[in-house]
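Inspection log for the structure reproduced underneath, given as C-alpha cells.
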Amino acid sequence: MALKWSAEQVFSFLREEFPQALRDGVNYEVVTLQPGEAHIRLLAGEQQLRPGGTVSGPAMMEMVDFSIYVLLLAHHKEAARLAVTTNLTISFLRKPQPGPIVAQIKLIKHGRTLTVARVDIISETDAKLVASSEVTYFMGGI
Amino acid sequence: MALKWSAEQVFSFLREEFPQALRDGVNYEVVTLQPGEAHIRLLAGEQQLRPGGTVSGPAMMEMVDFSIYVLLLAHHKEAARLAVTTNLTISFLRKPQPGPIVAQIKLIKHGRTLTVARVDIISETDAKLVASSEVTYFMGGI
Amino acid sequence: MALKWSAEQVFSFLREEFPQALRDGVNYEVVTLQPGEAHIRLLAGEQQLRPGGTVSGPAMMEMVDFSIYVLLLAHHKEAARLAVTTNLTISFLRKPQPGPIVAQIKLIKHGRTLTVARVDIISETDAKLVASSEVTYFMGGI
Amino acid sequence: MALKWSAEQVFSFLREEFPQALRDGVNYEVVTLQPGEAHIRLLAGEQQLRPGGTVSGPAMMEMVDFSIYVLLLAHHKEAARLAVTTNLTISFLRKPQPGPIVAQIKLIKHGRTLTVARVDIISETDAKLVASSEVTYFMGGI
C-alpha cells in the first residue's frame, strides 16, 4: 500500500489541525517514512526532560502516539483523522541517555478497521532500546 | 499503611523537583487522598485539548503517570523518587465530554519492589468511564 | 441490554461447538450471570495446577478468555461466535491459595464492533485478588 | 551471558518438575536456543485446536509463557524456578493457518530482577505473524 502524503504534507496538515502536538519546545523530525514503517526523531525541549536531561515517560508516550498518527496520515491522508487509539501499552526498559530519541514504528497489522503498530524507542546516543510499545488504532471512531 | 505526606506536601515537593509536570496550563487538583487510593482532577489547558474541547490521549496518559506518582509520594515521601514506571497500559473507551476529568487510582498490589495500580478516568460532565489503565511501578530503579 | 441465553444454554452450545474448552478436568461453574457482568468459578484439575496446588498462569489466562466468551454468548447467542479476542493483558499479583478461583467479569465497553472487559481473578480461599486482566473483543473477525 | 543448560537439560528438568506443561498432546520442539533468543515450535494436539484446525488463543498464551520459561531455564538453570510472570500482554493479529506455529522469543531486557521478553508467533505454513506478545518476569517471587 503506497503512501499518499509525504512527510511535508503530513506536517502541514498537523500544523493546521493539531497545533498543540507541535507546540513550542516539541521538535519532531521524520527520519524515514515508507509504507508500513517510519523512524521519527524527538529533540526534546525543557518540558519533556527529567532531571539529568533524560526524556520523561509521558513525553515518550506522546511520541509513540504522535509517530503512528504521522504514519497513518501518510497512508490515508486526512481520512486518518477518523483513526482513534483504542489501546496503548508501553514498557520502559532503561533510562535514555541525554540526547535525541528515535521512534521506530512498524505496522504489524493494517486492516480495514484495526491497525496494530509496534514501536521501539531508541536512545540515539548509545543506540540502546529504551522502551517498547504496541498501539492499536481503530478506523471509524469509538 | 498510613500516608506520610499530605497533598500539600506532595505538591510542594513536585513544584521543587518536577516543575515540568506542573507547567503552565496543566492544573491538577487532589480530590481525595487516602492509603492505597486517590482521586485527582485535571482541568485541562489549551495544549491538552483536541478540537471539540476534549482531553487528548497523551494528556490522559500523562495524568495516569502523574496521579500514581502523587499517591506513591504520599505513601513513601521522597523515597518514591526511586520508583520508576516499568509498564503502562491504557484503553481508550469513549471520548470524554468537554470539562474536567478525574483519575481514580487504586493500588491493587503494593509490594516492597513492585506496585501495581489501576486507574479509571472518568469524565466529570457525564460521569462516564472514558479510559481504563494499569501501571506497574518498580521501586529501586530499572 | 438483556441476556438472550441462560448459563445452561451457553454451556449446551459450548459442549457442542468447543468441547475442548470443557475437556476432562476443567470444571467451570457459572456463579452469577447478568447483563454486562458474570462471576465464573474454576475448580482446577490436575493439569491446571502447579506444585503446591495453586492454579497455573496459563490456566488463569484460559479462564479469562473463556469467561468473557460465556458472557458474550449470553448476550448475543451464537452470533458471538464471530467475536475474536484481539488483545489480552494480565497482571499476576499474588499466588492463589489452593482451592477454587473466581473470575469476576465486567464489560466496560460494549460497542457494536469493540467490546472491552475487565476481569478480576479472586482466590476463594482468602478472597484476595490474584490477577487483573483486560480483554478486547472485536465482533466481525480479524 | 552464556547458556548454562541445553534444550535437553531444560526439558529433562521440565518433565520432572512441570509434567503438566508437557502433558499428552502438547508437543513443543526447540528449534534454536541461544543467549537471549529462542525459537520454539508447537505441534498442536486436538485440545489446542479450534474448529478449522487453527491453534486456539489460550494455547498460544500458554506457548508464550512456556517458551520464555524454557529460555530462562537455559540461562539460569533451576534458579529460574524463582521467576514468576508478572505481566503478559498479547495481540492476536490473524488466525493461524492449520499446521505448526513457532514462537520467536527475544529478551529485550535481562536485568537482575526484571526480565522483559518479546515473542512473535509465526504460522509456519505461510510464514505470517499471527500474534505479538510481551512478557515481564520477576526474579524473586511476587
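Every chain is named by a letter (A, B, C and D) in the order it is written, and numbering of its residues begins at 1.
Please note the rule applied: contacts are C-beta pairs under 8 Å (C-beta built on N, C-alpha and C of every residue); 3 or more make two chains touch, one makes a residue touch a chain.
Quick caveat, the model's predicted, so the values are computed rather than measured.
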Numbering shared by both copies at the chain C-chain A contact, with half separating same from different: same
Farthest chain relative to chain A (centres taken as mean CA coordinates): C
Whole-Å gap separating chain B and chain C, where each centre is the average of the chain's CA atoms: 30
Inter-chain centre distance, chain B versus chain D - centres from mean C-alpha coordinates, in Å: 34
Whole-Å gap separating chain C and chain D, where each centre is the average of the chain's CA atoms: 23
Junction residues of chain D - those touching two or more other chains: 86-87, 89, 91, 93-94, 109, 136, 142
Of chain B, residues touching chain C in the complex: 89, 91, 93-94, 108-109, 116, 118, 129, 132, 134, 136
Parts of chain A lying in touch with chain C, wherever the complex brings them together: 86-87, 89, 109, 111, 113-114, 136, 138, 140, 142
Complex contact set, residues of chain C against chain D: 17-18, 20, 23, 46-51, 56-58, 61-62, 65-66, 84-95, 142
